[in-house]
Amino acid sequence: MMSVSINGVDFKNPIIAASGTFGFGHEYSEFYDVGMLGGICSKGLTIEPKEGNSGIRVFETPSGMMNSVGLQNPGVRKFIENELPYMKTLGTNVIANIGGASIEDYEKAVMLINETDVQMIELNISCPNVKSGGMAFGIKSDVAKEVVSKIKAISKKSLMVKLSPNAENIVDMAYKCVEAGADSLSLINTVQGMAIDVRNRKPVFENTFAGLSGPAVKPIALRMVYQVCKEVNVPVVGLGGITCGEDVIEFMMAGATAVQIGTANFMNPLAGKNIVMETEEFLKKNGVKDVKEIIGAAQR
Amino acid sequence: MMSVSINGVDFKNPIIAASGTFGFGHEYSEFYDVGMLGGICSKGLTIEPKEGNSGIRVFETPSGMMNSVGLQNPGVRKFIENELPYMKTLGTNVIANIGGASIEDYEKAVMLINETDVQMIELNISCPNVKSGGMAFGIKSDVAKEVVSKIKAISKKSLMVKLSPNAENIVDMAYKCVEAGADSLSLINTVQGMAIDVRNRKPVFENTFAGLSGPAVKPIALRMVYQVCKEVNVPVVGLGGITCGEDVIEFMMAGATAVQIGTANFMNPLAGKNIVMETEEFLKKNGVKDVKEIIGAAQR
Amino acid sequence: MSINYYETKVLENSEVTNGIYKLVIEEKNSVKPGQFYMILPKTAVLGRPISVCKTENDTVTFCYALIGKGTKEFANMKKGDTIKVFGPLGNGFDVENIIKENKKIAVVGGGIGTAPMIKTAEDLKNADNSCYIHSFFGFRDDVYLEEEIKTYSDEYSCATNTGSHGHKGFVTDLLNPEEFDIVLCCGPEIMMQKVVNMCKESGTKVLISMEKHMACGVGACLVCTCKTKGGNKRTCKDGPVFDGYEVEF
Amino acid sequence: MSINYYETKVLENSEVTNGIYKLVIEEKNSVKPGQFYMILPKTAVLGRPISVCKTENDTVTFCYALIGKGTKEFANMKKGDTIKVFGPLGNGFDVENIIKENKKIAVVGGGIGTAPMIKTAEDLKNADNSCYIHSFFGFRDDVYLEEEIKTYSDEYSCATNTGSHGHKGFVTDLLNPEEFDIVLCCGPEIMMQKVVNMCKESGTKVLISMEKHMACGVGACLVCTCKTKGGNKRTCKDGPVFDGYEVEF
């Protein structure tokens, strides 16, 4: 009743833990059997280990939060060596989220992931592109298209491209990424925001800007998912502010085949589990036999 | 201590009521002396009267709201005849907010406003542009540039252009509008969002999308104001989710010369008054003699 | 008017029947029937418009249905808690004028729309005890506010969809507008439309209290527009009570 | 571990001195000193990490300073209210090991950082009543938790910036690490850095409890990173108690 499939990869249910909010699955395993989730996206991985940003890394906003972790991660090799074996024991799909500051970075990371048994790659194109003066790959469709087609050419895994809501034109971005070979899309990553510490007269974050997530952004995320689903014919995974079963239903009715849960995990460590149960309950209550029936139900 | 000036227009303080949230000043005058505000932006005006959208027009979101009023307004002529005389008695600056579905609409409206004694025009370029298939004027910089330069050519009033956060590139948009002659800029208008009624399996709004405002969008608005202020050398009026004195300070430290208060009026009918007082208090407590001192203090 | 959101005390908050709650707060403002308050949940941005059901000794009583996030928060309040309210708002029923021109009055309520009709009937009776009030209340299944309305009615009729109480069917099955000088009505839009159509047929005056989603509650934002023959009206400020002949459904 | 956010009862919530509050909740989990709970304000997305100050008969006591939005909401709670808590979290001080290897112990607290040091001293004494504890507490002006710490200290010294109580100046003016086998410390980062430097000079062991903004509280999000000689550590999971020699300030 709850299973969905994305590009040949089967998910026992459409609820996936979002990258960067679920570590490599260890921590939340202390709270519930995370194998009940449809999948887990790893923390964003880069070819070399990254220390992440200095200064404050998190700031609460009304119904949301901003983070500036800066892709702190052990690097792809250590991930494969130390984290993946554990993740594979969890009994759910493992999605490797890959970041990079250059196309070569992405390529190297993907080559290594190719040789593992992760089910899917999620290509995070929100990373600052060192070669174009730090503007993220995910802003201009043509820049994104280049990296996606290069990665598609070498990827042996199903390739999901994770879009940034900061893209100049989300629909064009989606279209170009699919054109370049994306097997599926996920959206949204965090929305660029900022805060100012009025006592120090300085931005709160050392990097000035940070990424906004959580319930505050849900209306924006849902709108983008709806727009993108209307335009492309690959599976779309929706996320951004989902905290309950009804939110999942909204994203799926907008056209998403599956969803991811990010900030909600922080609001309640059992969020993933609860959301799976709530979604199932909603379907039962409303006489929906198969979750796939509601995908795109609100498109018109 | 609180006065600022935008392009030759003096404001007794930098707190202005935002368009569409304050009617023409009547209603909130029942609650406090709205003459204590720096200014009032009129409800968005079009050359012809507009009935506005049908169906549901408002929807609450986490720490925000979406609206789909659809520019219901009596038209510029009736505004001048019935509303402006009253607004002029309020003892504060009157800013006429102008919308339109074509450049000719904007031009006609501005010609009429030219002949009145409003202090300023705020050009709302978020309106759907009928000639370009309904995409708003405020999305692509070049489209915006055209309308702004045409209006600048005929406007006898100080011209403030109100930017949409849905612009493809907010900095480029700001830059082009200034190039085209904008005397000042205000941002942000509402962020495009949507909601789905999971019981009816339909978008909540008849127009599918609606405009998100309120505290939820503040981090995004502040970021855009900061980015724009860094780039342009005309006064910028910041808005989006401001609900208290410290929020005002944040926007001004980001570079704004003044701010507008929208959704906050709904959360508390005395919001305008309270925010003026809180801002003044903050300055006093922190030994700031002139509010102008803090403008741009957090820029770096 | 010096009203504004302010914190007041919850004196009582209890479930009167399945999903229907009664809330009593400390509040001194004088209120017209049909007027409402904006009640602001702690976790919300927008107030919830709730009609006044009764006023008495510096208290105001509301009756509300459990719908979504806001009313769920309200349902959890206890005596002694504080709550932010703002009102009374809206035009309300003009009892003085109604009573001056009409002697036989039908008071029609559907579902939670019965709440404002309690105070309406009470104020009519208080204004002129000799007026004749026949109240027609319709519910899905559970009935509530019956004792209250009976106190102020010369006659009372009830309908339920399930037939659990009174007539099985719609309250409109029971109403004959011809018997009345005026019909006063609050309930689901579909029911009010039916009532108005019936009144039009018989030429009976009818006032209805409209329900629209609101933001400002004071007439400034235009999200609560009600289309009428005389153009767009603001439900919060020009209404919620409108002449049934004027409203375009 | 079966812990999770859950609603528990507020048994007491009172201001102990200007802007400093004591909160007692019903809670049965056993807690190590230096561990903390995430306490979730009703209007917030993220829990507020607050250290345990005392545990007793199925209650946990916190002591918190009024800082911003969340603690302001906490300050308004009354006895009988419910509150969402999640804990205990973090490593805490390993009392057994500390007491095994150290007999002369300095317990140093600055400001609200004194809160976890109460339970730390208490648990040390409970583990081995023969250990010698000298507590050094520093405050800006008002002093608090003095009676509590005295109960578990063989000696107690106090410093205030204003000189209103005890030594005028910093608590670090009073501490001589050479006199101790180990120093246990919680307070503002700048103070802990000073303490660690002093300990390094005298070669004294030092454990400090770090304070970082947090989101998940369980080690999954990496927003609470503390840089150490051994690489990035998570304050919520690997800490908040770290070896002072390891932390890179």
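Order as written gives the chain letters A, B, C and D; numbering starts at 1 within each chain.
Heads up, the rule we're going with is that a contact is a pair of C-beta atoms (placed from the backbone, for glycine too) under 8 Å apart; a residue touches a chain by one contact, two chains touch by 3 or more.
Being a predicted model, the structure only gives us computed values, none of them experimental.
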item: Farthest chain (mean CA position) relative to chain D; value: C
item: Cα-centroid distance, chain C relative to chain D, in whole angstrom; value: 54
item: Mean-CA-position distance for chain C and chain A (Å); value: 47
item: Chain B and chain C: spacing of chain centres that average the CA atoms, whole Å; value: 36
item: Of all residues in chain D, the ones touching two or more other chains; value: none
item: Where chain B touches two or more other chains, by residue; value: 61, 63-64, 214-215
item: Chain contact graph, described as a line, ring, star, complete graph or other shape; value: ring
item: Complete list of chain pairs which touch one another; value: A-B, A-D, B-C, C-D
item: Of all residues in chain A, those that touch chain D in their complex; value: 20-23, 26-28, 30-31, 43, 51-52, 54, 56-61, 63-65, 67, 69, 72, 214-215, 263, 265-270
item: Chain C to chain B touching residues, read off their complex; value: 1-5, 40, 44-47, 69, 86, 213-225, 227, 232, 237
item: Partner chain B, residues of chain A touching it in the complex; value: 61-64, 66, 168-169, 191-196, 198-199, 201-203, 208-209, 212, 214-220, 222-223, 226, 241, 246, 249-250, 253-254, 282, 286, 294, 297-298, 300
item: Residue ranges of chain C touching chain D (in the complex, touch as defined); value: 42-43
